[in-house]
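These are the structures in question, set out in turn.
You will see chain A twice below: alongside chain B first, and alongside chain C after that.
Showing the complex of A and B:
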């Protein structure tokens, strides 16, 4: 259970270079490049899932996000240097190195994280992270968005089929949608992480960029316990300090909490 | 020297030295002021010339600094001259009778020369020609106007350069020798638009992206 405090903003493609220079100067560190593949799954609706517990309380059904890192080679041609400038090659819907079978393989191939293979390109060694996020806390005068995230890393999968897909199927979940994220992040002071990312939706083996023309900016602080008020307050303070510092350049804002709701909208069928 | 003159005083009483000159009319204040300005100017110019004649050229910024010092000294000299213009125009320079005219004829002619030396004449003509004005036919007002226009253009150019410089953030600049050695390729990446004038746009709403990430819609 992690409390994630976050603020969001958007910058356009043209501002990327300067933004990188600014943030590098601000954080005193070079950007860290990352790229993730996420597969979001939802409870299998063909099962008759009990939606109230023994006390007759409603139980919300949440999506599960399975996320794994993707080597940048999978997104970019080999001759492109893999530094922050490489992100500028990723402005279109199509990703030059995108290869759907690779991702399908990632999902369907037997997972064996314990295998003592050293070949990085082996899909069976990918470590998957599962996370369920609640809707951010309500409240009109919140300075930041606060969301509870439950996260776990899949260490090993037992049984006859050891792919992440079959694992989720056994849990009663089916694939909902997939997306790819690539970007840079900065570790700012006081535990604040600032991410600039591009997001693609994968549908029918094709990628569609949903951050077209710009980058999604996310500043967040993770607090380990939701009951740790002191750390949460400090995190809010740090985020607000960053918000103030970037004010006028990147205006960090609290997002609509409904936009960050990963629950399944099926209450009307109850 | 002292003994010599003393001896001469004793032996041949010099008529000329007996005459008391009236220095009251000499515009000492004006001359002193001009002399001081000129001394400063010649000193700076000499220093600059020395620097320039060295095997290794001085740093461009120190040179620029020296030039600006020279320019301000020139300006101060010009304003001093203008200030004492009337006095100086009304002053006639004559050598004192006791000046050793025969021994220092060269010095005397140099000091009393009112005509410009040929070199200076050449500079003046050169400046007149390059100004594009016909100095014989142009009136004073026309010349003034042309100078003002020149100043206007200079001021505009300066403003323009300043504005352009603030529009861009120049980084990763390399010297000519670095470029010729191929250390850094010439690329437009080094000149990017500055943030002062440029606020990032918002090509999309983050709420929509978040909705897409969390709900797939």
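Showing the complex of A and C:
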């Protein structure tokens, strides 16, 4: 169970270049480009699922997020250099080099050998992270958002259908929505990670950008143990220091905890 | 291709494992490290589960294979890792993983315990590993909540041999077991899906087939 401490903000498309140079100067490191694909699933609503377990403890029904890395050449045309400037090509709903069949294959069936993420010819070797996020901790005077994330790493998939979706179906979960994230990130001092990203919703084979006109800014610290108060406090301090440093330029704020709730009863906010 | 088979001797006594070691001793190349495994059975808590759908889900954790766990329900299986150091780099670099991971069976017992209830936990602790020229043989006495349940033998063949050749090697071990007259035992060397062999999922599938009545 990871404790994720985070602060959020936004910048507009026009300030991207300046922001990159500012952050590169601040962190002393070049930006790292990243992208991932998430499939969020929810408990099958045709099942009659109790809210309590056999020990009579209340268990909320949460969504499960399955997330896997996306090679950049599935998003960008081949002639685009794969550095931070490539993000500027990704400002519209449509993604130039978007490889839809690849994403459909990721979920639905075993992958064709050309679409492999690794050189390994074993087709079940795409790894996934399955995670369940709790609602962030409550409290009026929190300096940062604090969320517990339970995650498991799927190293490989076996059986008659080597897709993550078929396993989740067996588990009692059905697909809810899919999204794609691409952006750059910086490893700042004291374990703080700062991400600038764009998010697309994938629906019916089409991509719709949720972050149109800007970038989502997320600063976070992952603390591996929820009981590690010392590290949590240090993480809060580091995030607040960064917030102070960027104050007036990027205003990092505590997000609305309801917007980060993954429970299925919370349908209206999603 | 690596091949495997799992045997379960239900009528064994705790001393059977020593007898088994004795009959093997002529073939032994070396005695290797100790090993253990854990086998958990979960039952669906869904009340209106469609008729004909399997009610059970299994999780098998192997200490001798980097503590990886295999979770299986009706021929669909995933392998999850248990150590932070074994998370693939591309998951961390692409912000998919927050750097900590739990075996999926513990997620089932915490976050998904309203959907899946732990029904049984079988453990084989401190088992022995024997190496012969043909096979790696792992034997362990298994216990369910402290009571002795029998003897499990896992056979692994790393040589690239044909199915028939492997079967002969397995039969040889079965004959040894008959020699020490342990009574009936179950054996399984099937693949979860014959068209797509996946070593670890196949081993877990074989455990389920022999341990689940």
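By definition in this document, the second predicted complex is superposed on the first by the 244 of 270 C-alpha atoms of A that agree within 3 Å, B and C clash if a C-alpha of one lies under 4 Å from a C-alpha of the other, contacts with A are read in each partner's own complex, and residues count from 1 in each chain.
Basically, contacts are C-beta pairs under 8 Å (C-beta built on N, C-alpha and C of every residue); 3 or more make two chains touch, one makes a residue touch a chain.
All of these numbers come straight from a predicted model, not from anything done at the bench.
**Q** Answer with first, second, both or neither: which of chain B and chain C does A:139 touch in the superposed model?
**A** neither
**Q** Please tell me which partner, chain B or chain C, touches more residues of chain A.
**A** Looking at chain A, the partner in contact with more of its residues is C.
**Q** For A:185, using the defined touch cut-off, is the partner it touches chain B, chain C, both, or neither? Pick first, second, both or neither.
**A** Touch status of A:185: second partner only.
**Q** Let me test your reading of the model: by the given contact rule, A:195 touches which partner, first (chain B), second (chain C), both or neither?
**A** second
**Q** One more residue to check, A:226. First (chain B), second (chain C), both or neither?
**A** neither
**Q** Touch test for A:176: chain B only (first), chain C only (second), both, or neither?
**A** After superposition on chain A, A:176 lies in contact with chain B alone.
**Q** Tell me the contact category for A:28 with respect to chain B and chain C: first, second, both or neither.
**A** Once the two structures are laid over each other on A, A:28 reaches no partner at all.
**Q** Does chain B (first) or chain C (second) touch A:156, or do both, or does neither?
**A** second
**Q** In the overlay, answer first, second, both or neither for which of chain B and chain C A:256 touches.
**A** first
**Q** Chain A residues touched by both chain B and chain C?
**A** Residues common to the chain A contacts of chain C and of chain B do not exist here, since the sets are disjoint.
**Q** In their complex, what parts of chain A are in touch with chain C?
**A** Interface residues on the chain A side: 1-2, 4, 32, 34-36, 43, 46-55, 57, 59, 61-62, 67-70, 110, 117, 124, 127-132, 149-162, 164, 166-167, 169-172, 181, 185, 193, 195, 222, 224.
**Q** If you look only at chain A, which of its residues touch chain B in the complex?
**A** 8-15, 17-19, 21-22, 38, 40, 63, 133, 176-177, 179, 199, 201, 210-214, 216-217, 248-250, 253, 255-256, 258-262, 265
**Q** Show which residues of chain C lie in contact with chain A when the two form their complex.
**A** Per the touch definition, chain C meets chain A at residues 44-49, 57, 68, 70-81, 84, 86-88, 90-91, 93-104, 107, 110-115, 117, 192-193, 196, 198, 200-202.
**Q** Give every residue of chain B touching chain A within the complex, in rising order.
**A** Within the complex, chain B contacts chain A at residues 169, 171, 189, 192-195, 198-216.
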